[in-house]
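Input: structures, listed below.
Shared between the two complexes below is chain A, which has chain B as its partner in the first and chain C in the second.
So, the complex of A and B:
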């Protein structure tokens, strides 16, 4: 069965082909290729690392404290005698999982609320945008720290909390994108046909604002990763002995004058992942023809 | 034009009112009130009763909000739980220290960002642009705590040029503070400069591609005269709002940087008050940081209005 919407096009492309098209456009430029390669490497590492980690990440061994990198311990050992290589390759798993699901939550609620506000306008729109502005003016770190310190640092708290706080910016982007299409003829005719708001959002607006929202979501993913790692660094993220880059950096920082390897390894891990996601998001935006260069970092 | 300014001002006040509601309700609906979460295991009997009495928690929530908001408008944030000091006394020196840090970063960051942004735009896709833009992307994507830690490792530990962490009392004088802030200022200015330089770059590129600049080129206006008289005034106007948003965005990042350098500013107070579960101080910080954000944005709007002749006439014509 052919989709009736596609009959106007000469060669209807399946959604898989479209995705492959976008990916190959992204990889055609060096920065996009590097970004994708780093991201794929990190995701593959996060999935497979438990099978080839050479040591137990939580095995404390006082006789091996702060050993320099050697053929036995590639990245040395930390202040509790744990293998830094093992902890580094495992260190992105929690961060990637939590921020990935957090971004999906942020995309869903931020995108839908933004489209809804853009569509209905009027009093509801005003009130919602005031509240979003108010949330934007509270520093995210204050709000996140307060929630986490009172509700705990479990995944069930972190994912919705991050998803909520990083979604409020998406509301604005989705609302602006909706305003761009709202005056077009096909929306007006859908309204004239008597379609419900829900049907207009789903069938008319969503396909037109999807790209803008997805690009914003990809960008949010890297900011959320930054935010989550900052929480871990401050001691409000995952709890020890879970291997996590932010926490590893904060633990190894005090002793870095004798044991720089314990702080450099997680720094390389976290920085490369964030740069990878950023380059990928930029290439993604360019492949979809969206210019992000004039956006402010909010 | 005055109507527009007035409208922005009122909108800012409404935003702050909602912020005060959010911080108050947020603290209220999270499990445990200020006293039980502060006293933790000792939260029973006389200690709890005394704390509840001191904070007035036996009064209904909406009455507490009104009296709290009334005092805040008069500049009185009440008492902190841990030090049992007036919050104003706690905040005063912290705000001063943070202002020193932020202004130093802004004084270095804004001119540097302008110069780098203009250089990268005029030499677009050539060597200077590629090098500066790559460095900028690195410094703005890497988390603050990583760049700060690397700065300490390289400058303070390996090269031994500067002290790595700030060890001064909170109420230190300005001149005693100065040598200690070099590294934190570099760490903050680096991220800020990178963000702003990128915005300036894209703004200059946009103007360079416009019709009137093409016209000026065709008329034979000398290159540098064109850049300074025609490109920059038009390109820098939209950058004002971006600068404001970047400064406001730094409020969150400064928290982490201050912790890394052990700097006694507002940011470290955020962490300290949350670790101590000192909710009255957290509420005060929420309001103060949000007011800074709102006022910076308001000032940016004002500047844009004053510097853009088109917006003035737009309003008078109406």
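So, the complex of A and C:
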């Protein structure tokens, strides 16, 4: 009977209104609000930090090595005497940019391939999915290390490589979502009218699986961020002296017992961003009504 | 003496909208269920009948709450009891039979075990007694060989048998009140008639009170003593079944009865305009005011009370009920079909057989035919331009399969389908040219599934217009507006999404989409079976009007013989993918007819308690058509021996022009059936 809550003669909404609606629904729950706030804070910080960073991030000063936090250096200094606060607020920029574009690539190829497999089915679907399974069984970090050591650690290599490895999972989600709608009569109707596969994917399937894929993409973003930071931590992500949380943690972890400040700040930065993205993705799924973990109807 | 087993007083149930307003679903329901009687609750979807039935067992769906009144079972208010107390009542005192028994039974437990579980819960029997009781119960619901049946899994039973098991489980606790929520809606006509017969017998044998919720007045007429008619969350009419169905004194009930197609009438039934108001959207006057043909000024401003008329033991909620009978007797309209049938053949199905079996790689290599017994076989139908031909049969009769192969969604195994005399239609959709695709359009059963939920009406209707005619911009908009006009919807529907439309409006959009292609043939696959009766009548009327205007040919698939009679010029009866009988519809419905047609016609439920269905054949379900002989041999009540089992029956032409495929001589059939 809950269907009767439908708004029978509501006025149609523009796309902008719909997006605002979704965001306000997300922010109406505490977890969604916190997630959105953290995410917006990080994005804003990444955009504006170069203008208010108090020091030069690459200025090495041996006299200031491993200073504890003070009014002059809020988060202290690292083993080369660089200001940790400056490096922390700048440290998310590279990671955010690379993983953001990486996620978009993952979404595009994973989503489209998944929908295509779900639509055509049969032998093509079988073969493609077995290949995807095979790739899923390879530890991605080994493969990434191989690619990066062969082709270098430039952005042009990292974005597509990350996008490729994180898109595999999206293929499966998109395919499953497509299977949900593929047997419905409106798809059969479109087939019977003689629409092309591309037109069916674009007009009939995509609007119905878009939400599921977007949520999956948002989750992938946070995993990719962790993955990218792991690469940096291993020395295969950002090259010094560019500030990056993974690299900062790697450099400072040996000194943790007596210079904890140099490692705590990037850890807080990285984990808060990941938590923020996760909470936002959860709230996004709930706002779109595709999260099944809500209270059972009975 | 208090003979009421359940008393409902002023019950109101509602929910809170997102804006915090309280919206009622049930409004001031007051009624009693007497001991030993069967009460039918009728209404269209959204009238609150299921909510009322669930409240009768003290259950209120998540999100709803009672806003007043009480529901007394033996003087105990069910709605104020806690879960522990309710557990003692549910199953033991009040039992429920669900709509879809196939989903209500646990798929991986044997039937016997599931009934035993119910017995363990509701009785104090020991193991030996329980086993005895299981046999007894299965016997009581007329299931053959109970000891074997108890060891089966639900999927090994047919739909009718599953429903019987659900009845047996409900009877396990020896309940005093049995609630049935649309128990026969998903079943085939013959099975439905058998299950209803069973329910009636059980009511007689056990003296249990029953509440039978259904939208189907035909089923209600068969089993119920008393009927409650609901509209927009209110009781509008309540009384003895004969009184309600034969001389309805409420305009809604009158309209509802008029909109049901009946075998005894020719032509389309009258439709009722408009649709039921949504909860929270009910005006200040009578809730039926907008759709009522007999309303007065008073109805608009004042809500009529439920008035009890003691002389006919009927309660009615209408100001003008006393004048209704005299007014309605004047209204006699005939809606005979005026189809312009030409002698031009538009579609020719020749020796068509269709198989779902797939050849294995080795068989393909050896060029071996694996499926000698295809799902659909030997279909020969010629369809003339402008006519409506109906394919009738129970589920599994292959009627939708044939439709799919005409549309190009399934390949034919043998035979061919010719379009417009010379064009051979390819079984492969990709090989058909755009012109052939445009000429044949499909309308589906369920508009919820056939319309993309994320498209607006404008996007839905623009698909065929863009594809076939390449329309864009303002031309596209005008065409869409014209289409909406054609299906009696305003242009303002363009920006709506399917979820913002009612069932009937959605089906109208589906009809508009099919007509957008300006097709020559429209294939209608059970297009009205998901709709309420009043909406069904309106959609049938619309289809007929459009056809008369545009001269389109319809291939109409349905399981409902009364609907088919109303709309079709010719009928083809199918059983297990084989044709049994084909002919002009006025003749097919007369004797002599094929024994299967006879069974089908006999099982049709009329909304009249004095017309009983004739149950001539068993309701067993056959999984596969027989390899040789007559397709109906397994269930035929008139089988004449080995000839039927070994030889394919010949076609015989009756004097009315209908062709029958049967071994029995047509003259003899006539004598036997009269």
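One rule holds in what follows: the second predicted complex is superposed on the first by the 281 of 298 C-alpha atoms of A that agree within 3 Å, B and C clash if a C-alpha of one lies under 4 Å from a C-alpha of the other, contacts with A are read in each partner's own complex, and residues count from 1 in each chain.
Please note the rule applied: a residue touches a chain if its C-beta (ideal position, glycine included) is under 8 Å from a C-beta of that chain, and two chains touch if they have at least 3 such contacts.
A quick note: this is a predicted structure, and the numbers were derived from the prediction, not measured.
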item	value
Which of chain B and chain C A:186 touches, first, second, both or neither	second
First, second, both or neither for A:274, with chain B first and chain C second	first
Superposition-derived comparison: chain B or chain C, residues of chain A touched	B
Contacts of A:145 with chain B and chain C, given as first, second, both or neither	first
Contact residues common to both interfaces of chain A (with chain B and with chain C)	296-298
Parts of chain B lying in touch with chain A, wherever the complex brings them together	11, 14-16, 18-19, 22-23, 26-27, 30-32, 37, 137-138, 140-146, 149-150, 152-153, 157, 195, 198-199, 201-203, 206, 238, 241-242, 245-246, 248-249, 251-252, 255-256, 259-260, 270-271, 274-275, 277, 282, 285-286, 289-290, 293-294
Chain A-touching residues of chain C, taken from the complex the two chains share	15, 17-18, 23, 25, 46, 51, 61-64, 278-279, 281, 407-409, 429, 432, 434, 437-438, 441-442, 444-446, 449-456, 459, 463-464, 467-468, 495-497, 499-500, 513, 517
Residues of chain A defined as touching chain B within the complex	130-131, 133-143, 145-147, 149-151, 222, 226, 229-230, 233-234, 236, 246, 249-250, 253, 256-257, 260, 263, 267, 270-271, 274-275, 278, 293-294, 296-298
Touch list for chain A against partner chain C, complex	1-2, 4-10, 12, 184-186, 188-195, 199, 203-204, 207-208, 295-298
